[in-house]
Amino acid sequence: MREVAIIGVKNTLFGEQWDRSFRDLVVEAGVGAVEDAGVAGEKIDSMFVGNMSGGQFVEQEHIGALIADYSGLAKNLHVPSTRVEAACASGGLALRQAICAVASGMDDIVIAAGVEKMTDVPASKASSALAAAADREWEGIMGATFPGLYAMIARMHMHRYGTTSEQLAEVAVKNHFNGQFNPIAQYKNKITVETVLNSIMVADPLRIFDCSPITDGASAVILAPADIAHEYTDTPIYVKGTGQASDTIALHDRRDITTLEASVVAGRRAYEMAGLGPKDIDLVEVHDCFTIAEICAIEDLGFAKKGEGGKVTQQGETAIGGRIPVNTSGGLKACGHPVGATGIKQAVEIAQQLRGEAGKRQVDGAEIGMTHNVGGSGATAVVHIFSRNR
Amino acid sequence: MSVGIVSYGAYIPRYRIKLEDIAKVWGDDAEILKAGLMVFEKSFPDVDEDTATMAVEAARSAVNRAGLDAQRIGAVYTGSESHPYAVKPTSTIVAEAVGATPVLTAADFEFACKAGTAAIQACMGLVSSGMIDLGLAIGADVAQGAPGDALEYTAAAGGVAYVIGNKESELAAIIEDTYSFTTDTPDFWRREGMPYPEHGGRFTGEPGYFKHVTNAAKGLMEKIGTKPDDYDFAVFHQPNGKFPSRAASMLGFSKEQIKPGLVVPRLGNTYSGSCMMGIAATLDQAKPGDRIFATAFGSGAGGDAFSITVTDRIEEIRNNAPKVEELLANPIYADYAKYARHKGKIKLA
Amino acid sequence: MSVPRFWRKQIARYNLVGTYCKACNEYFYPPRNLCPTCRREGEIGEFKFNGNGELVTYTVIHAAAEGFEGQTPYVLGIVQLEEGPRLTSQIVGDPKEMHIGLKVRPVFRRLGQSGERGMIYYGTKFVPA
């Protein structure tokens, strides 16, 4: 198996982009990443695109071909392009597929992209499309929503571990704080715990400020075999580990409502592959689709003891400058959550941090970073570990 | 060979609205209305309840009360004027939900407020003829009354189910006989596609209710040679508190005889469930050997009279399912806004 | 949800009919046709649950799922049945009455409908026992 490196990255702006279409977004990200890598189109061997629900958000399937076409990679070059779907983990899985393609020796230069255009439908339709990531026949039919499912996780976490609404709010406060230093972030406004606690209730105990927003955006990274990465960039970022795991589609079938076992296992697989542990990680982008999700994630990935995720957040350990900075990009909460793009955006953030290009949100001396991307209420999780050293 | 009630079950939603809260909306005098109607509050359904759900709850209660094997049920007939579907039976939903499918006959009945007792009569015939082992007859309604109409003060929600059989040892009450009096009298109707019924005002009284109730009742007593004194209890269709009281006195029944079954003051008129609920409330407290006289009325119009004798078996099954009194207890009182929302009177976009 | 898709599992929804694995004695609701523990060695049979259970966790939904706007606020919970399996259901009742560990029993209710002209979906919800 060959070692793999990231040689180019690009995020579009994240947010409500009324004047930009699905294809505008993904072309900007793809072309931007190719430019960042300084690689010619003729060199591109294949492309993987994470997209959750083009069918529901823009009534467009056959996303792989569409993107290859509008990226100028179809008509003359006929680059193979594959859409990857795992709900909100679509981007992370597209990255993993791209890594596999390079690692296997099948392809050399591969684009891993992610895109979601969510504001072309009313918010109610967007929520309904997202709800398809849960079990439609046994959760959705009862009126389950995604905030509702994570609210049930939160309720249990609070009941069992004494986690508080204030601790949940601290996640949003931190991520909004980080977001103000990220030029692409959807929200750049600082908020307080009171902002969160005084916002409207969505699914008790989660309020609107506990939830990630509906976002348009796209992200792309270019991968190459580590051996030739320096031909394209002075700062290749090496993929040290990748892990993916599945769990039951429905929350009710999980062994433990407060643990995303898929996160635990995907994390373990990535750590094992990298030969690293939680203590070796300098920063992590976790899947904070809701504030409780970040708390569970840092526990499940080994950055906090089970039940102490809220406490360590409140103590500032996950802030930039803290023991383990979490979601320097602003996370899904403040940077925005264009679902198919999120997994790729996380990799872009880590690459920028490890390259030392993260500006005011830079984690000093960051050498090893991690991404954690979740589909649904935890039925899919994918974890990657990156290093600036080979 | 006897035919009668093997089991029974009732269901009433927990929500109640007081007449004052309806009168407030329309600027009516609640005290005058309460005195005139002898109804003080009425039940209404939860947002996710309808005639089918109430019919199922009542039917399950009936099956459980006597510990019956639902596969023995050979007929399910649901009487209602608020079937959720205009076409597609409520009774198939009930049959599936009690576990009686697939070997049975089923149909929905409609005869204004006496569709449920018509279903009892049909089951009596099928059981007596040997065509079926047990029959399930249900009366259930989310009673309809247009906003601001007089009916809105009484139109309530509830369901009652009776399992009819003819195995002597199983009968909790023997139905000695039944007698119906039917004419074409348009005192109340609802046209296809219309949400609320129309009624003939005072025309629903003498030519409708009283004529058909008294003729059915007298007809039955003459047929079997009984008189009001022979009965411990009597139940008449209860569109309000006044009509059954007056019918009772016209026929020679006392206030004491109708008291246990007179549930309308705290429940309202459950249309197809009305008389059947009264019978259930009476069975809840009758002793073995007690005799019950009951007459249902359906606009359109007809009366179904029944002469019932309670057996020893009642004591064995009575406590195995909620009694009407228990269903009336612990109501959740709500205002007109909530009532309107639950009844679908507020249209969502 | 389309008519055939609902109808296919209608009895399971009406009457809490699930499955169980005779090989390992694990019970499944929603029903499964393959035991996740025994896989091909398992032997699946039908099982009707009595529906008595306990509330594992819950939420009160204020921002409704599409089609549930008329019901807000509504309680959504995970119920553990006596035999072990867990399911997601609405819990009918006052949100203030809800707590983890609450004993519940099943009731027959409307789950939803395909608009005013479409099919009405019935099934099981739970109420405090």
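Labels A, B and C are assigned to the chains in the order they are written; within every chain, residues are numbered from 1.
Simple rule for what comes next: a residue touches a chain if its C-beta (ideal position, glycine included) is under 8 Å from a C-beta of that chain, and two chains touch if they have at least 3 such contacts.
Keep in mind the model is a prediction, meaning the values are calculated, not measured.
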| item | value |
| --- | --- |
| Most contacted chain pair (by C-beta pair count) | A-C |
| Chain nearest the overall C-alpha centroid of the shown protein atoms | C |
| Farthest chain (mean CA position) relative to chain A | B |
| Rounded Å distance between chain A and chain B, as computed from the means of their C-alpha atoms | 59 |
| Centre-of-Cα separation between chain C and chain B, whole angstrom | 31 |
| Shared-contact residues (touching 2 or more other chains) in chain C | 71, 90, 111, 125 |
| Interfacial residue positions of chain B with respect to chain C in the complex | 46-50, 52-53, 56-57, 60, 84-85, 93, 96-97, 99, 332, 341, 348 |
| List of chain C residues in touch with chain B within their complex | 10-11, 14-15, 69-71, 90, 92, 94, 107-111, 120, 122, 125 |
| Sites on chain C touched by chain A in the complex | 1, 5-6, 9, 30, 56-66, 68, 71, 73-74, 76-78, 86-90, 95, 100, 111-112, 121, 123, 125 |
| List of chain A residues in touch with chain C within their complex | 124-125, 127-128, 131, 135-145, 147-148, 151-153, 155-156, 159, 200-206, 250-253, 257 |
